[in-house]
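For clarity, chains are labelled A, B, C, D and E in written order, and residue numbers in each chain start from 1.
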């Protein structure tokens, strides 16, 4: 999985997946210290992530391994909200 | 999923997928603000997207999770037409 | 799917897939206007593509969604021969 | 599979996979001689890897082919701890 | 599939796949003319490839489509040993 930061939402009324009750989030990629990278993806929210939260993203067919995304054309989901990242014994990220 | 803009069509009469009733679209990759990138892919249209529309593309095996593409050698589909992208509380793209 | 141009063949007698009746083609990647890129892949031919033809390539597990490649360790197939590419209303490639 | 070095842990209480009894590890990519690269991923630990150990990582749907990760949104696992790497007849890495 | 050259072996006693009777090979990526590239992967050997041999590698879920790798966390296998590569009618690689 990779790290990203939720920065917005993507609205699509004409879509093929017939998924309701959740939404597409705009996620900017970042490193494990929350430093933003030059890249964005659209990910389906599975965990109730909000703007500004650092998340981990599962991609490819792994994104379909949930009740909500089973057999849907979804290739990226937010798999978890990051609370804390520890590197070499030091906390390098902590959710505020 | 990633963003792209429909810029044309690709015709292939000698193909292996036996899919009818839809077509291959030429899609130029773009960012979430519709700024074009230097890359193209061929995607099967699932939603009736037209030239100039900004779309989201699902890739890999996720592209086969529909009735039309089930068990076909398709690795990219247009999963939705983008109506609106909001970033940090500001609308950065709106379908005209 | 991505674009490529058939430039040769790859012979492997000691292989794991037990596929007969078709062959591995050497494919150089190209853009939608047939401009060659600096990259090659090996793809199984499903459509009878010949040297010099521009093709579309399906990768990943999508490459196994045919009778011939089902449950074989194949991650790239030639899914179609390109007849024509139209971009912004202009024909930018036409099979000669 | 690719090489990485375990450098820390990632804590996520709000996640979608309901996996317990193991944890997400922070893994910095490296080459076969343990030289660190400029990239990190989050991988589920399947083998009891510890900080500082060089590991091999399986990605994509291959990451779900275990009892623990079956049908979970996991796209990277630590598949093994590297004991030794031999290149051109010379031992270039040995676990200390 | 892509080209690589077998340059060594990788030993891992603590691994998750319970595969016996074969081994992980260290493979340096190369082009179709056997020119080495700056990248290595670890691939499971399915065909009895030896040091110095040029091989083709299948990646992703395609790597699991064999009796030996079925439902194992393996994302790269050596699918064949290359005997000959022909490009534009000229033999550009021949196994010595």
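Convention: contacts are C-beta pairs under 8 Å (C-beta built on N, C-alpha and C of every residue); 3 or more make two chains touch, one makes a residue touch a chain.
Note that this is a predicted model, so its numbers are computed, not measured.
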Separation of chain D from chain C in steps, with touching chains one step apart | 2
Over half of the interface residue numbers used by both chain A and chain B, so same, or under half, so different?
-> different
Round to the nearest whole Å and give the separation of the Cα centres of chain A and chain C.
-> 33
Compute the distance, rounded to whole Å, between the mean C-alpha positions of chain D and chain E.
-> 20
List, in ascending order, every residue of chain B touching at least 2 other chains.
-> 60-61, 63
Classify the inter-chain contact topology: is it line, ring, star, complete, or other?
-> ring
If we trace the ring from chain A over to chain D and keep going, which chains do we hit, in order?
-> A, D, E, C, B
Which part of chain E faces chain D closely enough to touch in the complex?
-> 7-17, 24, 26, 40-43, 51, 60-61, 63-64, 71-76
List of chain A residues in touch with chain D within their complex = 1-3, 31-32, 46-48, 56, 58-63, 65-66, 77-89, 92
